Amino acid sequence: MPPSFRPLDASESPRFAQPSTFMRLPHSRDLGRLDTAIVGIPFDGGTSYRSGTRFGPREIRAQSSLIRPYNPVLRVSPFEVRQAADYGDVDVVPVSIAATYARIEAEIDTLLTHRVFPVAIGGDHSVTLPILRAVAKRHGPVGLIHIDAHPDTWGDYMGEKHFHGTPFRRAVEEGLIEPSRAIQVGMRGSWRGEDDFDFQERHGMTVVPIGEVKARGVASVVERWRATARGPVYVSFDIDSVDPAYAPGTGTPEVGGLTSYEALGLVRGLCGIDTVGFDLVEVSPPYDGPGQITALLAANLVYEFLSTLPPVVPA
Amino acid sequence: MPPSFRPLDASESPRFAQPSTFMRLPHSRDLGRLDTAIVGIPFDGGTSYRSGTRFGPREIRAQSSLIRPYNPVLRVSPFEVRQAADYGDVDVVPVSIAATYARIEAEIDTLLTHRVFPVAIGGDHSVTLPILRAVAKRHGPVGLIHIDAHPDTWGDYMGEKHFHGTPFRRAVEEGLIEPSRAIQVGMRGSWRGEDDFDFQERHGMTVVPIGEVKARGVASVVERWRATARGPVYVSFDIDSVDPAYAPGTGTPEVGGLTSYEALGLVRGLCGIDTVGFDLVEVSPPYDGPGQITALLAANLVYEFLSTLPPVVPA
Amino acid sequence: MPPSFRPLDASESPRFAQPSTFMRLPHSRDLGRLDTAIVGIPFDGGTSYRSGTRFGPREIRAQSSLIRPYNPVLRVSPFEVRQAADYGDVDVVPVSIAATYARIEAEIDTLLTHRVFPVAIGGDHSVTLPILRAVAKRHGPVGLIHIDAHPDTWGDYMGEKHFHGTPFRRAVEEGLIEPSRAIQVGMRGSWRGEDDFDFQERHGMTVVPIGEVKARGVASVVERWRATARGPVYVSFDIDSVDPAYAPGTGTPEVGGLTSYEALGLVRGLCGIDTVGFDLVEVSPPYDGPGQITALLAANLVYEFLSTLPPVVPA
Amino acid sequence: MPPSFRPLDASESPRFAQPSTFMRLPHSRDLGRLDTAIVGIPFDGGTSYRSGTRFGPREIRAQSSLIRPYNPVLRVSPFEVRQAADYGDVDVVPVSIAATYARIEAEIDTLLTHRVFPVAIGGDHSVTLPILRAVAKRHGPVGLIHIDAHPDTWGDYMGEKHFHGTPFRRAVEEGLIEPSRAIQVGMRGSWRGEDDFDFQERHGMTVVPIGEVKARGVASVVERWRATARGPVYVSFDIDSVDPAYAPGTGTPEVGGLTSYEALGLVRGLCGIDTVGFDLVEVSPPYDGPGQITALLAANLVYEFLSTLPPVVPA
Amino acid sequence: MPPSFRPLDASESPRFAQPSTFMRLPHSRDLGRLDTAIVGIPFDGGTSYRSGTRFGPREIRAQSSLIRPYNPVLRVSPFEVRQAADYGDVDVVPVSIAATYARIEAEIDTLLTHRVFPVAIGGDHSVTLPILRAVAKRHGPVGLIHIDAHPDTWGDYMGEKHFHGTPFRRAVEEGLIEPSRAIQVGMRGSWRGEDDFDFQERHGMTVVPIGEVKARGVASVVERWRATARGPVYVSFDIDSVDPAYAPGTGTPEVGGLTSYEALGLVRGLCGIDTVGFDLVEVSPPYDGPGQITALLAANLVYEFLSTLPPVVPA
Amino acid sequence: MPPSFRPLDASESPRFAQPSTFMRLPHSRDLGRLDTAIVGIPFDGGTSYRSGTRFGPREIRAQSSLIRPYNPVLRVSPFEVRQAADYGDVDVVPVSIAATYARIEAEIDTLLTHRVFPVAIGGDHSVTLPILRAVAKRHGPVGLIHIDAHPDTWGDYMGEKHFHGTPFRRAVEEGLIEPSRAIQVGMRGSWRGEDDFDFQERHGMTVVPIGEVKARGVASVVERWRATARGPVYVSFDIDSVDPAYAPGTGTPEVGGLTSYEALGLVRGLCGIDTVGFDLVEVSPPYDGPGQITALLAANLVYEFLSTLPPVVPA
């Protein structure tokens, strides 16, 4: 059975034409036919510095129109082996993180109930927690591959439990991720205090600071996470793991980061991992300049991730 | 029978969410149900100075998400009285004006054959000629209300007959518009020579220079076109009729133009005219700045035009 | 007694030098000496479209450095007749509108308790409600002069009572403003439905749409509000009342608005009104372009407002 | 004898092609053939706030490529009746206002010695003083039409006599302009103190504040300067006289200014005045946004000025 | 005989002064004296995604003004050993690729007939084909060093043979390049299908994907092309070979590319190759941000290329 | 004794709130309590190409608000071990380099007299000379670590001794630095002539071109400067040493430079050096794009430098 959902053909319809969807895939919520859903979560209400990620899904859709269907590095046409479409966005509640969390969890839960793989596009990093709630409900505590400049395991923020700096602490506390199977890659920048990573140490999470990535290379990191993130694994990619030169359009940029080539290598290194969900977060278009290179990189990283997924053989 | 096509409700889905269509209307090509089609024509291959209008439809869709459904000045909810959707774009051929003209004419012809009113979003002004060809095929020579800084009645351009400076000369030559029923409003800027408007004079077209708009006001202009543009009338609105302060994102900006308030007033003045087609052209997003105010104004002008259309009573 | 707080002298310290405060006034929280506080409220968590107003106070401070101390139109040096300083910002809670409201109200209450006049700089329009709560606590229900493109009297938003589209409905409901003494100026744009202004009609609020401002002029509007807004009056100026050409950097821009000259005229028209508080809201710097003209206009409007305040004669 | 210097023909060479000169005129320093020289003065070393006007001539050249040769309002083809070319720039000394003044004066003196009319493009307003020195050397004290937001008659600046806020005070002190024949139009914004215009009053200069322009109109201003600026007159147009909506790219923007249409009207009102020199100053491209509308307006104002010059009949 | 064409001396004329030419060289078409011509080809009519490269030559000229004459890595002053000037642009026909091709071929043919080395600045990559036609007419089929993210050997595009994705397929088909002596470096990104490089394989072209450049280094690539590109060689450098972080201003950006340092190394590796022509294409200034770093890099790459050319000993 | 000066706590006051100071430290000139002063020098009057660095201190302050207090790489909380505050700016004289030099020297002298370590933020590179004058007055001729793309040892500029290309030549000439203990790192780009580095050779200064940094790595460079820059050392970091991809916002960008990660490594390599003063210069915000990544990197480099300073043990 051939796939029902394919990007528009650029030799028939120019890349800049037609309403923007991710890679110009059909916009569909047909849970009976989909096995993979690219779903936007345009929420920036959990942001502590620059806002604007609410426009991340819109701009990533726009910039994704340049991507062609065949991945020559991974030797796959992801839309030939899976039924993937642009699912549209979760209708978040801009002024309430609590109401938004409920909506995200419900929507991801619906996808998982229908055995549809969620590929989420943020939005700020606070959106990962409700995704993980839905994922853990289905899969139990999962492993974690978390690529980011920041650990996002801080404690409360001005009296609030939820913002984009806490999702992974909350996820551990709620038993959504199994810390011994969790790895955080690309950590860098200044800390609030000496004890910023005590949580990780206490819970046995693996931390790979940027210095290790730079000194040992991407392949070494991939080795480490293959050793660490066993079993079903959730993958969360914060675009601020990448250096601001390559990704200026983000909410809390951190200098001294990954290059785009390193970022691509990391995502390609997910091949063969038993991933159960993915998000790409923290793209803030108002800070991205006319070339919108952050959104373009993000779109490519999502595409690379899609290319790592195994084929779905129809029943 | 209630309308089938309505914008997403912003109290249920935030304005920045979901794939962008014009005013977040459904994306539909259902010619059996539509009576009005908003159709993008993302072609900038006829441009003599700044390119970039190929991204006009994409950006106007994005910015239109701010517009609410009820028009309090014209006292109408256009989507309650007509079946209007985002029809998507004509798949233009970026490297060939000839091939593009054929595709535009065919698509508009299809719309008109199904009695669907075409509301086109450019693209550069060269796209108006093939629209007029389709319109005239159905309606015969039409009247013209043309709001612009430039007459677009120049002769050949570097040996070529078609570019964004010639559509109205060609249209007169081809008998698509009836010059005595044609009026051009907002003309200004420097000319190539003393005889730039000889064509108009020779053919009896009415010309309203910007000085007259400023001195006598919008109401007076509306009076003039009511007197001139009798019978079926095509309306073409070039965004560069508006001053660059209000519309910097355009291909051949001309200083000393309309304000946004005057532009709105002109479009509202189309109420009661027997319009048979409309285009809004020359929005070039790369030159529009982070606020994208040109695309926003263009989206509003399209909405105002939609609000001037009479209700369609289903058979 | 000479004033203690004066802007840095630009003939001694260049305009671009020294840490930015409003008009390069001293940064002070000395409630014993101040009679007027310019206070930032950098909250954009109540925003329904473009975020970014959290950076409004920072950018308005920066752009205000161009303003000189003497106002030749109103013939006053405001800092010679009042003790005004940059009070700094309310430390809002970016992820919680409820917690933020509590902090704003408390801070404004502190100012009013010390008989310090609050001049607030937003932030989105949701910040006005807690200011009004503090104001009404001190002054009882107040009159209102509200300059804006939008009424901001909508009902709930996605199940939430508070966002930047509801403060004035809430304020009427809570008895903070006296509707018969309230006037809204500059209203325009599309509505959600025919009944968007039923609330105003029902409560006897005065509404001046943009068409009336354009047709009758600023002086006529000033006449109307002098007749309407008797007694202690709160003034709220939403920068989106001004046309996007003059104020592109805002969250929900609306075409067809005020010119900067009209906006200045309106603020100058507040002379002699018994104002008890003021805010300037909705400046969103990420959408403002390199010239930051929106922040510059906002800074000037705040300065003009300061110039309308009567001298404070020390006891 | 036909003119030797004509813009490239846009029907033979597209507007964006070929190295940029003003209106794509020949670049020439042939003093034997020229009667009018467009000369850039890229100096921003006299600037008190935003720098960047050193790139004014480059960008105005670029944007001028859109202008066509025939002026339909003034009914003239300026390059048919005068020998005008792009003279290139004065090689200013960026780090020394004194050395720069010497070079400007020498270059303008050379032009005047050869009876070539100087049309200068700044640069900041400090460049006007050395031009006036050369002009007065040839013509004696001249009349002045000065269109600006600011009087530029302040005293010393941080111990220095020369910066962009003092040229006209210095010019009066040095006897270069005749104050009774001087008129300043468009004055607005805040002042340093009540006595900012005492100098004007003391010397009998005429001042037209923006309020008068807005209330009485451009024609009335033109009347006033025809009555005031008798005899040989120098004209200085500071782009910040125009509102930041129309001219964001400038060093000391002032809200509440001229529209582009008013600015064009003022320049056209110079027809018949015995002008002996002209400058257009204070365009700062880094603050102008992608549309570069300030440079475009400036280029058009220069062109309009050229169109007001009388034909030169060859001997 | 000393060279006649030298850049302006920055110690006499500041870098931002005078009309922009490449490196502020004289603008000359004196074929009798030149041996090297820097020629702009401002055509973007062959572009499939973002347009804007028509402004490439203008902006590269502007940014080149920062480059100094002596190359310390290659130890040469290129303008001391060759007679090189800014030749100006080919007057392309923006609306016709066919008419443009004829003009480009004719202009390059004229240069080659006069034994002037063509250094072309695009414009989009479609301009390379007519250059190659002229080159092959003189030199026969040439070798090719092609640095790019994309192979540009696709087949027809929407029914058209010519656009910026086909020049090298057409060149092989027309016998302009000898595929066995052709090498393509930097290939990356997604493909249309598995067979995108079948053409190369079938014709024996050498392909160096980005992974090989990153893994083995620039020196290794240079080795490979020295082995491959024997005899007269044409060099085509597409700026999108460089990563969008370094070159955001381009039409079809591709993430994961060269760094600027690698790009410089590659061009320096051309020393000693028998090059017969060069182009630098696909710089699109509207997408380049205020720093215009893409145009700056492009200008430097052109300068580096000029530095690799052997001295011309006058007869 | 605990330190008196600490950044605002981001868990109590959001990062975007309160008037901007460096890292939101107190603004203080209390020479009796400070041991380290971050002092802005907003002067761009010594610039030969793009101006705008006068806004460097303002923007670096703004962007520094993202930095947290603990440095995990150097394992230090700099504000716990030193008394550091934002000292404000030197009130430079924008139009006079001579007057500015006097003010800078006096201010730095005051700091040094009070044994306060000066951490200066430019401004263009011309500001380093008067700092060095004050430093040498106290410490005698010092060693120099100079990280830059350019040597800044050129001779006179258009007849002037001082501009941003000469400070280090002047410093050697004036005996402020000891050339044998001076090292310049990151040199690259084109030269004026073969002899650009003769001065260095003649005086025994050590030069490390970019090629050596790239080939041997940061650690090797650090080795070299530990061997070279003995004794009291002044450190000057020109942001244009970093590649324009990472630092587009600068006055004379030079392609092919350091990555941000390399830059951080170099600054960290200053640990243990006996530094006596530091500057970070040449950040020009108008050229930095909406993400302001250059200012952000600069702020981080200043913070890294602060982290390398030894603790001050109170007497």
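Letters A, B, C, D, E and F mark the chains in the order given here, with residues in each chain numbered from 1 onward.
Throughout what follows, contacts are C-beta pairs under 8 Å (C-beta built on N, C-alpha and C of every residue); 3 or more make two chains touch, one makes a residue touch a chain.
The structure presented is a predicted model; accordingly, all values stated were derived computationally and were not measured.
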| item | value |
| --- | --- |
| Both-way neighbours, i.e. chains that touch subunit F and touch subunit A | C, E |
| Labels of chains that are neighbours to subunit B and to subunit E | A, D |
| Topological distance between subunit A and subunit E, in contact steps | 1 |
| Repeat of interface A-F, chosen from B-E, A-E or C-F - more than half of residue-number contact pairs shared | A-E |
| Maximum centroid distance from subunit B, chain identifier (CA atoms) | F |
| Maximum centroid distance from subunit E, chain identifier (CA atoms) | C |
| Interface residue overlap between copies subunit B and subunit D, same or different (over half shared) | different |
| Angle of the C-alpha superposing rotation, subunit C to subunit D, to the nearest 5 degrees | 120 |
| Approximate Å spacing (C-alpha centroids) for the pair subunit A, subunit C | 39 |
| Distance from subunit F to subunit B - Cα centre to Cα centre, in angstrom | 55 |
| Multi-chain contact residues (two or more partners), subunit C | 12, 14, 16, 48, 50, 54-55, 91, 93-94, 157-158, 243, 245-246, 259, 286-287, 289-290 |
| Pairwise touch network: line, ring, star, complete, or other | other |
| In contact (per the touch rule at the top): chain pairs | A-B, A-C, A-E, A-F, B-C, B-D, B-E, C-D, C-F, D-E, D-F, E-F |
| Subunit E residues within the subunit B interface of the complex | 44-48, 50-52, 54-55, 91, 93-97, 99, 126, 157-160, 162-163, 286-287 |
| Parts of subunit C lying in touch with subunit D, wherever the complex brings them together | 10-12, 14-16, 65-73, 75, 77, 243, 245-246, 259-261, 264, 289-291, 293, 296-297, 300, 303 |
| Subunit B contact footprint on subunit C (complex, rising order) | 48-50, 156-158, 189-194, 196, 209-211, 214, 243-246, 248-250, 252-257, 259, 286-289 |
| Subunit A-facing residues of subunit B, complex | 12-14, 16-21, 27, 40, 42, 54-55, 57-58, 61-62, 86, 88-94, 286, 290 |
